[in-house]
Amino acid sequence: MTLIRSMSTNEEFIGYYLVKEVEIKQTNATPPKEYLDLVLCDASGQVPAKLWDASPADKESIHPMELVKVQGVVQSYRERPQVKIMRIRKTNEADGVSLTEFIRSAPVSPEDLLNTIRSVIQQISDSDVRTIVAFCVRKVEDKLSHYPAAKMHHHAYFAGLAYHMVRMLEIGDFLCRQRPFLNADLIRAGIILHDIAKPEEMVAQLGIVTDYSMQGKLLGHISMASNWITEAAITLGIDLQSEKVLLLQHIVLSHHNLGEWGSPVQPQTAEAVALHHIDSLDAKMQMVEDALESAAAHEEWTTPIRGLENKAMYRHKF
Amino acid sequence: MTLIRSMSTNEEFIGYYLVKEVEIKQTNATPPKEYLDLVLCDASGQVPAKLWDASPADKESIHPMELVKVQGVVQSYRERPQVKIMRIRKTNEADGVSLTEFIRSAPVSPEDLLNTIRSVIQQISDSDVRTIVAFCVRKVEDKLSHYPAAKMHHHAYFAGLAYHMVRMLEIGDFLCRQRPFLNADLIRAGIILHDIAKPEEMVAQLGIVTDYSMQGKLLGHISMASNWITEAAITLGIDLQSEKVLLLQHIVLSHHNLGEWGSPVQPQTAEAVALHHIDSLDAKMQMVEDALESAAAHEEWTTPIRGLENKAMYRHKF
Amino acid sequence: MTLIRSMSTNEEFIGYYLVKEVEIKQTNATPPKEYLDLVLCDASGQVPAKLWDASPADKESIHPMELVKVQGVVQSYRERPQVKIMRIRKTNEADGVSLTEFIRSAPVSPEDLLNTIRSVIQQISDSDVRTIVAFCVRKVEDKLSHYPAAKMHHHAYFAGLAYHMVRMLEIGDFLCRQRPFLNADLIRAGIILHDIAKPEEMVAQLGIVTDYSMQGKLLGHISMASNWITEAAITLGIDLQSEKVLLLQHIVLSHHNLGEWGSPVQPQTAEAVALHHIDSLDAKMQMVEDALESAAAHEEWTTPIRGLENKAMYRHKF
Amino acid sequence: MTLIRSMSTNEEFIGYYLVKEVEIKQTNATPPKEYLDLVLCDASGQVPAKLWDASPADKESIHPMELVKVQGVVQSYRERPQVKIMRIRKTNEADGVSLTEFIRSAPVSPEDLLNTIRSVIQQISDSDVRTIVAFCVRKVEDKLSHYPAAKMHHHAYFAGLAYHMVRMLEIGDFLCRQRPFLNADLIRAGIILHDIAKPEEMVAQLGIVTDYSMQGKLLGHISMASNWITEAAITLGIDLQSEKVLLLQHIVLSHHNLGEWGSPVQPQTAEAVALHHIDSLDAKMQMVEDALESAAAHEEWTTPIRGLENKAMYRHKF
Amino acid sequence: MTLIRSMSTNEEFIGYYLVKEVEIKQTNATPPKEYLDLVLCDASGQVPAKLWDASPADKESIHPMELVKVQGVVQSYRERPQVKIMRIRKTNEADGVSLTEFIRSAPVSPEDLLNTIRSVIQQISDSDVRTIVAFCVRKVEDKLSHYPAAKMHHHAYFAGLAYHMVRMLEIGDFLCRQRPFLNADLIRAGIILHDIAKPEEMVAQLGIVTDYSMQGKLLGHISMASNWITEAAITLGIDLQSEKVLLLQHIVLSHHNLGEWGSPVQPQTAEAVALHHIDSLDAKMQMVEDALESAAAHEEWTTPIRGLENKAMYRHKF
Amino acid sequence: MTLIRSMSTNEEFIGYYLVKEVEIKQTNATPPKEYLDLVLCDASGQVPAKLWDASPADKESIHPMELVKVQGVVQSYRERPQVKIMRIRKTNEADGVSLTEFIRSAPVSPEDLLNTIRSVIQQISDSDVRTIVAFCVRKVEDKLSHYPAAKMHHHAYFAGLAYHMVRMLEIGDFLCRQRPFLNADLIRAGIILHDIAKPEEMVAQLGIVTDYSMQGKLLGHISMASNWITEAAITLGIDLQSEKVLLLQHIVLSHHNLGEWGSPVQPQTAEAVALHHIDSLDAKMQMVEDALESAAAHEEWTTPIRGLENKAMYRHKF
């Protein structure tokens, strides 16, 4: 089967793909003809595709976010590859393919990621902090198993958010060992809470963010998480004025570091400073790793990375 | 009695003043002598003052934020006026002076301001919005009668915050009449809630902010107010996900307009856009009015105003 | 008749529209065929349109900024609607349609707007200020009845500039009553003069700005208006050094507030500070109101508004 | 006679100096004593000075901007030199000293500078441009012989403005020869007009700016010069709409290049672009030259230069 | 022969052009047909072109950066001209045309430019400085005869870099005469060295930059030139710590003036300040001159110039 | 012995201190008296001190950067502590104190730090990279044992630079294990080289930076290190164009990440991105740790930290 990343012009192929988008459109001919305009994807990338002579059955049966079997030829349109579909049909059980094979995913399974997160919560020694964290995680537990961490910036794939958390927890563990004056409970809680509201801020399917929610636009995940901590404390009977509640809210509110990046306050505790830098280190390194992986093996330079001053990365041979 | 704003060099005077600060210090003489280093103020301004030969009784009896009767002479020190105190004593009932005469205050009495605010709350037609607003106001009702709106920027005097609210409510009323598509409930609630957490963010006495609270520094009044709305909704049994709760939180969170000014989200409803501009209009006009009033009558230019690009204002004769 | 804002794909329609642009182009066929490429508009919006088989008569008779009767069908081209024209002809008197029905206009008639402006001029009590204002208004009186206030930013429609002035005068009136230390003559004159040179800065027809004039680009409306006040004073025999002339020029020069927004000086009088905020309040609120009105009724979010940090507005149901 | 730049601690000296500032102050002693607090200057720099036992005659006779003969000793106060005055008296004719020897001046005499400017005006071939330039120069002719070009930034000394003009005219001449497509009339007129209103923007005496005028603050020299060109054209009967008037105003308005540096429009003609760079080149090179000259000969580094990113200049020995 | 800048729609023409780009593409027809998609250019500009029925011989024989003879017709595609090719063939000797006629070039021949640079090097009086400059020039001597100074910003044509150097040397000469305190050796060396590494930073052919080199991206021409000076000094046995080596490196490192423009240090010698302004003056004036020349004679405004705040230039008739 | 950090007003004490600065000054008395103006320090902080009646012997014997025994009393001057010295003498061997006890130092001994660095160099597997690193370290080996990492920003104490390197090496090790696609040789070499030129950029004694060197100001440590790598490669016979040399120079040049922070290029390899974030993480965490340690134990807030948006850190009790 031909991976989308490896398709070359004029190649004919047969394979299974995920329909990311599909729309019925009309040509400019007189009388106009209807055709299907699709975006196909697999774990390696995506490509536009056209079914020029779409039968009524085709128009009925092809839906977004479903798998199809396609026979087609790769053409070049405006210097970018485009598939001309010869035959297309929905897959069935006999094909033995499943959705998650066709999307980009974190390199660790969602189950393992969630287990790690759950076990770290258990390591939090202060019971108030532990139960507040557990309360907030419970709010998004279903989505945490598959949500990406962002729309495009970093970890933008299936289970990307949980993967980001787990990697940050590894860095956090190292840092608490290197600098014992840091409070490990706050570091762990901060890592798990800082982006915890993202699944309610964004609308995503199969790891792909399609929009932001109304609440996400009007409040943002930072203030949402702060409100959730308030809600958790009230529900769990923890004093809203207690230092530990304020410290958790402070870490969440300050984790983007600067006002222009969305934080209403700047880090003012050791753990808040640490969290911002752990977050930044993990996000940037993942952007680099993902960009190098997405680039074809023979390419010396990746595509420009928005979160890194729009710079491309050089794949050295050293 | 000599107003501080009108003191001229070499003038001798007797009068009542408020002790804003007082400290016992030592001269460099051998052996060193102790003296009292004070800041005196009245409603017209403030001036540094020295009591060079402080008796033990003086050191005992003079305290900050209390009224004193002073006989002194105005000297010039580093080109700024400084009072050399000849005699000083605490005031007593017989003097017939009261603290609030000696501090800068809003031009309307706290009682009238609070009554206006309370009556506007009653005009909010939606009962959920009305009770959320009332809940939050109740949290700071005592302080609202005397807190300033800011440390230095604007309305930095006794009852300045309530005065700012009331003036904004007047503008809000006008604007709702001029542009009926605006929702008057949201405008009123937004005006009352936008700075409602300031009395807990700042530490103030007699209208003078001396510091920010720990909570104020770690969370800021914007996020504090957002949390309070969450708390109000839970306490009052109002759905946290309801549009009205989100709209109130959105107005509060966005009222500084830009991230670099402390708002984690930007205004995205008509009322949030309106609130930001009402706030800005009232604050800037008050800065101008206060600066012109503080400047001596013969001065053509006020001192530079920080919130207005550090520009001085010209007092025209037109 | 089908409003452009309400056109839906595959719909056939007959109606009157304004030709905003028209050009003769060639297809890529061999031999190439000529067709008409148009932009049609009405008060609700605009849409591209093609007349694939244009007769010589069509090419002769269809001109920009004229009304046509069209029979066509709505197609989708690159996911945006496009009209395929079946029949088209110029309108005639018998059709009973007039240009101004087909363009976006201020909600108040130009006559009423100009009458308001004229009557406010009469309310200016200082005769020098009054005649300077009248002199400048006379320079653009014809254009003031139909010019927009800007190319795209705000009030970008027929009589938008006069409407902006009148609404600002309402706010100015309110503010002078709320803060009597403001000089009403300067506020009124400032409002009328601040954008008075825009009709000479921009080239517009039917409320649509097509370009900036050479003078507009080289001087800008701010400096043009300052020069006009100089010209008015010389013509009317008013001392160029008099405070009132300087105050008027200062208000005009400073009304964009910051250098990066085009003002060579920052506001330094109470009235100049007020004018900037009145201008800003009216412009921003109108952007919001217009964006909500332009969005289809079922849309929760408007298109992004450039003048408001490129944010879309949420149409709440509260 | 000891130059101020060369004074060293504990040195005793007798010499003539200019009194830049003088004030009667009181010591903190009981009873306080009056003393004279002065700033003395000569062409090489300035120094604070104290006359501890000032006689009534001293207090009467010493005035700012007058010459005095001083016997004193150099002390160190807060690590900076300060003169303790032993004897002081006003100079008289017999001393044979004149004010202009004691101030920093352009290295060319005012007469020569003005003659150069006048002769360049005569070289302008277009008579309208020539008479407009002459009209504006006439407005400030007296002040042009001695005004500085700025308060501190550059050419901040006697006749600095005229010197700046003349040096720019030299560069302009070179550039017109190197790039003949430039219009020499516009370059010459632009150079003479661009800062022509500075003498009315600033209040200066002996080359020292003490303040900005009211008009200078409210309009700024850029808009003032634009208004003057309008006034000149009206007075001389030149069409206000003619291209040549607009081009002159454009050069003046755009010469600070960016809005944040005070220009309401950006350069949009070849000559306007050239003028900005000629202005910048001359101002920056003069800052460097003046800083190197002011620094003591043995100093490797000058004091930081504000207009050059606050960098000190290294005096190399190459 | 028809110059590309003068082509008008529907015009038929025969002429010689340079093939800037060529690619074989497929139409969307069924079965798809192959066609040649080209960009043709001459010294006056460039235009896209299509050869719809490309023979196998055409596909073989047409290569980028070679000359062709073309018979074609000018069409309009998306409002921009596009050539439909009727006949095309490679040129041969008999045609008597040569590559350099068809590209944009500096107005002075490469030989003359290089001779000027070589003779200026001989004028450098300090032998260490002279040999360091010569060493660095030798590294890029071949490329210096034809490389542009930049990809798009300025002097983006054949021999543009050498032309930029020579014009700067003229300005440098003038400035050293006007301000004799400047060291002429450093000015000359600085001008020749400041962009000397550009030919290794960029990949260019016939004056057109197609990419940046790997070294260019990772180090940049500023640090490359600094390294070359180190290499030169070691090779030539000149002390790396000597002031002259540091001064040359400082001029190179600081010539972009600000960190955000790529300079790791800011100018801190008179010559470094001068160099930055000479560079800027020459680059900006050339942008203006080139833009005016590229614009059709009847156009009042050039296209916007990126390096000049994206402003178009007005071609006045004065 | 009384630590400077713990001194309280009016306390009398005897102890050993380091003289950080000392100067002979004169009082304003008539005749003026000479006194010694000192800054004393120990490992806990520093304090100004005065010896009012300095004997000639005192003036002779007290020198900066030497140890003294002091008997004194703590006074308050302008609200900050100041020591009035009663008796002072130089220390002698019998006192048994040594300089390094009295200065702020890294918490690990210089010997251990240097050993770690040397052993990490041995772990670099590529011999070219290893010898280049060793070459550069050798240039500053003496200074590396005691230089601070910066003047004030972070690690501003004895052996601070080596401590910063070693801590970064720990983080680098962790990161290479967490993300094996990173090249450990480049990470180690990058960490050791990135600030390697700082000891030549700054002038420091006992961990205190007193100035920047001429070379440091004109080139900066970033370009100096790049030049050193060039020098190392030439000396060691390694190809200057080899990828490994470029990669090392790229890491060094880009490690400040942005142009405005001093990097002429932005990170464009995985290791360069990693290095910047490792550097930032270690520097910021150390700022926090040092600030908390310097603050008196009872203080809830540290002094503001410049490198952290000038925010003070809250010392929580959680």
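Per-chain residue numbering starts at 1, and chain names A, B, C, D, E and F are given in the order in which the chains are listed.
The criterion applied here is as follows: a residue touches a chain if its C-beta (ideal position, glycine included) is under 8 Å from a C-beta of that chain, and two chains touch if they have at least 3 such contacts.
Fair warning: this is a prediction, and the values are worked out from it, not measured in the lab.
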- prompt: Between subunit A and subunit B, which partner chains are common?
  reply: C, F
Statement: subunit B to subunit D, mean C-alpha position gap in Å, rounds to 43
Mean-CA-position distance for subunit E and subunit B (Å): 61
- line: Distance between the CA centroids of subunit B and subunit C (whole Å) is 42
Field: Residues of subunit D engaged with two or more neighbouring chains
entry: 214, 217-218, 247, 258, 268-269, 314
Field: Pairs of chains in contact (touch as defined earlier), listed by label
entry: A-B, A-C, A-E, A-F, B-C, B-D, B-F, C-D, C-E, D-E, D-F, E-F
- prompt: For the complex, which residues does subunit E have touching subunit A?
  reply: 23, 25-26, 28, 30, 32, 214, 217-218
Touching residues (chain side subunit D, partner subunit E) in the complex: 126, 167, 170-171, 174-175, 178-179, 181, 183, 185-186, 243-244, 247, 257-258, 266-270, 273-274, 277-278, 280-281, 284-285, 288-289, 292, 308-309, 311-314, 316-318
Field: Residue ranges of subunit E touching subunit F (in the complex, touch as defined)
entry: 214-215, 217-220, 222-223, 226-227, 230-231, 234-235, 240-241, 246-247, 249-250, 253, 258-265, 268-269
Query: If you look only at subunit A, which of its residues touch subunit E in the complex?
result: 52, 75-77, 79, 300, 314
